[in-house]
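Below you'll find the structure I mean.
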């Protein structure tokens, strides 16, 4: 039997003003990162509902990363501060339920940090790949 | 900073609980110190010398025994650095060495008079001897 | 054994009904057995004398019922609240869920409520009656000729063993003396779980949550779950589901529910009390409370009306989620 | 069901080199709702846009997905294209297959696969898109400026100059603010009165500007373009329109022992007073707490001497309601209290003064008519010690003072020292400093002149204790560079007290729902790019209410705030961003969670009647979003436990659909 | 009411009258000072170093004794007050230190529960200066009195929390309550030279003179203090003004200065 190389599925939520622009900059500078990362644009990281994160896991994502403006730089002044609290608690709860920590991450990426965006994604993909398929938090019906 | 200096510094910071990097070099501690003129190293120098690991000269200095522990530097410091606690830590390090007591019982007779309060003697021993 | 009696409460309620201060009374009513007491609304003194009960099984937190009852009842509603219930009362006020003027709170002391499951552990099934006698409970079962006597203390509900407060944080009048906020060991169990390996934790929760039958009892009793329409009942929310079809959905429901009440949950423990499967649901809520206390400073929801819940608040130097993990616990 | 057209762009070889665009177009053809799919070399070109427009008409498209470069690049372009084709512009979604796909992935299979997935996500989203129309609201073409110091004056003048009416609300009897109390201004040393009072007169004479002096804002409702403001005009017991400002009442008033605020209590005024000669409006005000007539009903002398008949002891506070399109906050600053710094003996000696008091002592209109005399015995001081950073740059844990640098003290102290040496060369002047901070045009040169030409003794170190003894002030200080402790017998000690926002700012911020930092300075919408706007739309910041500032900076910020106001008032209607939050009343709990996280104060609550399932009627509190104020961040959508709050254009359903499409 | 009382070594010896007047005045004001049994000397100065445990045990024992009785612990001597209050603060705020100390404590651990009051605070907060004023039988009207705080009563302010460290008024308010006129002088919160008098008598002489001269220049005709060492230093170094304990002044005003037992 041929073993297919494991490719994780990563959902990245990026805020429109900093991190999405940072991802664009990574593109402008041709900094590569795995195609496993799929970006969803949101106006602000604070738009990311924990339900979205769980939904991604349900539908088979192996890792979810949320990127926003650095604290203090939020386009909406305070959105990312709420994100920080929400995700700190959510991730801690997932950890409490025994879900691997490296499947979730919150990262601050500014519009100027194309290199950081690419490096973060490379690192995140690497960690999730190491964990392998998401078995602990998945909806079996959604798996092929 | 060599290794010895580093260890000394760590010990002083641990004993005193002071974080010298909070200092903004305003000099108010030395501006308010009532024992300033008696000291070779002044409160602000204690802070910067401890920070740079330059503690040996402090250990040798008479300045250690001139601090009144009046906490004027502690209360008036705009950055909450607490220089007096550093002086105290360095002094303790000095007098805790074997035979390094700065005050010995036989020295006391010279300063005694009829009115000397007990408080003076117990304080002095606590400060100068181990 | 409770220090106050049913009669005291009925006298109080009757006099307030009589002088027109209140028009109805929110209290407890006996069910089929002594121990399946349910919340009920009483409108007359005779109803009270007939059906009102008070005793070691009156654990139900009545504050939530004010949301719907104040909309229906003309005039003020007398509600009996134990110390821990008053926190929920305040939290609901903070969230503007009812009009303070429509409630008349009589704070009553609480010596801790009994947990029928613990009684069953000691006396077996088939319990037909449980009555209080001094600091003991007299348990009659179908199978024993002689009633069994157990110390009331030995069958206290977990939330009462770890009682967080004997102080009423809201009341219009008090019966008996007010107590103090206590320092309890309520986070010990959470800490024990945190100290496990991720695999052990996963196994623990997998085992517990797989018992869930999605009866929604936890949601329906929770004083923080007073949403006009729950996201799980709303087809457009994207998470609607009526029955958990697999282990993901068991977790999803409880994580989202805990998250939605995070910072608002007063740790009243009603969720675990009503769970027919005895899932320790309070351990999810307490995890959030413990994290909030650890990360953002101690916060007790409902301690005061109008306080800003931690999830609608922030400071510039809050912990990063990554730092949270660095602080302790074992990684996968 | 939507009828969606998919347009895949090659971007020359930028996309086509790594992504098989034809395969993408083909794959997306079978997605739900897609009725047309095409690829083209340059979608953003005129020809490409025409292709889209034709397809819209030909296939009756209701939605468009463009797989191309970043939406940050051409979203606006394709929205216009859609509008030109008769579609709602918000029915367009972009799949970013260039910056986030072809440019970062090397091999064609994985690039193509990802491009297809991104396309599917965009299709899934468009399927749930609804036409959005930006809300419009009218603009009241009048501005309110709160605070009548130099910041408020300049802002008002600039707005009026553009032809818009402006009202200034000033809590004191006269405009002029702190600048009116200053003597000379650094670094050019022009006299403050000479440059300020003409501006005050301009304000008074400008028919576009109304001054509400001795007034406070008591209520603010509404939102950008449409503020409803209530102004409380405090009773001054003098008819403003009748009083000629002749000053006879002031002269005759028998109650003359009232500490004079304008001179910081260093001399006295009468119970009826005009703060200073150039006051605007130049009308008298009766201090109700000092006036014998108002307190005891006896006296009435001012009324008797007033030939104009302006005195009215029965005057009441008056509430004025007015509509405004924009509000400028210019509430300014005050020196902090020296109470917690009594090591400098401020409470123990009259000869320990603050720098603002020093300004009055050297001002020709001050208590000593401009002669530098020390307050205790009116003798000329021969040794003066200036202490910098009193209460500034304190650690927060020290629990006194402020953490920030007050910014203006280095320069005004250099000015004080220089002027003292200039007028009184026999005076020894010491300045104790931690750092001398002089970043500003001609600032460092100015400070160096004080040292080099005027012989001011600048000493790096801090004063630790001031002991009044006899007629001297014994100053103990450190001289860090010489490693000495200095003991100076001074005649006068001047403290450069930290400055803090005026106390009126905090309640005002609450009324405006404008955010403040921990020091009560107003927060700007963006620290670099929107420095004169508050995050609350329609509220602008001018002067020291936003942070410590000197006069040149204040005036430039005042002008900048004015230009922002003018830009706003020049519009007849405000077109909002249609991607705003909205609440489903049926699901809303009225719990206030959303309101608490909203940085813009866009959410308010109304009581609404609902028919319950059992046919009773209940009144419930529900959230209502003002679309003109909402900026669309979405913080409220997550704070809402019931999911009643959603964000248009980024609805929960849409984002979930994207997640689903990606994870399929 | 009853409070626990820690007199300290000097009050049993060279400063007997500081103690005696304190007790008599307290009785006159309806407060009983219950001396802690078997108290040990506080050591005269607080050692700020975090690793000093043994030197703080005597204070903790006294504090615990008061805690067991549920009483506040009252001190008169500035030095004892400073040491005990700082020790208590460390017990309350530094769990690591507290656990080290508690290893030496029998039975129940102590964690800073006791309220440490200086006698002046007892007068101000418990008795109330108004009540003191009512009990005055010999008004000290006409006396101009300078209150000398020294360093120990006020600093470190965050710990001592007695009064504004730069602008205190507790003793001035007492002086006013006794009918006299307080004289505020800037050096009232400066150090007299303290124990350094052993090391450098000249320094102590200078510092004491700074204080005494400043009080005199401010127009006082008497200095009061709560500290035996301050009083010693000021007198020894030639204060032109009389230096007396504040309890003596209090006893005089309350009419209990002369021993009535004989």
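Per-chain numbering from 1; labels A, B, C, D and E assigned in written order.
Convention: a residue touches a chain if its C-beta (ideal position, glycine included) is under 8 Å from a C-beta of that chain, and two chains touch if they have at least 3 such contacts.
Predicted model, so just to flag it, every value in this text is computed and none were measured.
Each step here moves to a touching chain, and the least such steps from chain B to chain C number 2. Taking the mean of C-alpha positions as each chain's centre, the chain lying farthest from the centre of chain A is E. Chain centres here are means of the Cα atoms, and by that rule the chain farthest away from chain B is C. Of all chains displayed, D has the C-alpha centre closest to the centre of the whole protein C-alpha set. Taking each chain's centre as the mean of its C-alpha atoms, chain C lies 46 Å from chain D. Computed from the mean C-alpha positions, the centre of chain A lies at a distance of 36 Å from the centre of chain C.
If each chain is reduced to the centroid of its CA atoms, chain A and chain B end up 53 Å from each other. Each of residues 343, 465, 597, 639, 652, 656 in chain D touches at least two other chains.
Counting only residues that touch two or more partner chains, chain E has 166, 190, 210. For chain B, residues that reach two or more other chains under the stated contact definition are 72.
Of all possible chain pairings, those that touch are A-C, A-D, B-D, B-E, C-D, D-E. Chain A contributes residues 50-51, 54-55, 57-58, 71-72, 78, 81-82, 84-102, 104-106, 131, 136-141 to its touches with chain C in the complex. If you check the complex, the residues on chain D that touch chain B are 343, 389, 393-395, 397-398, 401, 432, 434, 460-465, 476-478, 480, 483, 485.
Listing the residues of chain B that touch chain D in their complex gives 22, 24-33, 36-37, 42, 44-45, 72, 76-80.
On chain C, the positions that touch chain D within their shared complex are 71-72, 94-97, 226-231, 234, 236-238, 260-261, 264, 308-309, 311-313.
Contact residues of chain C toward chain A in the complex are 190, 193-194, 198-206, 231, 237-239, 245-249, 251-252, 255-256, 258-259, 262, 284, 287-288, 291-292, 295-296, 310-316, 318-322, 324-325, 329, 331-332.
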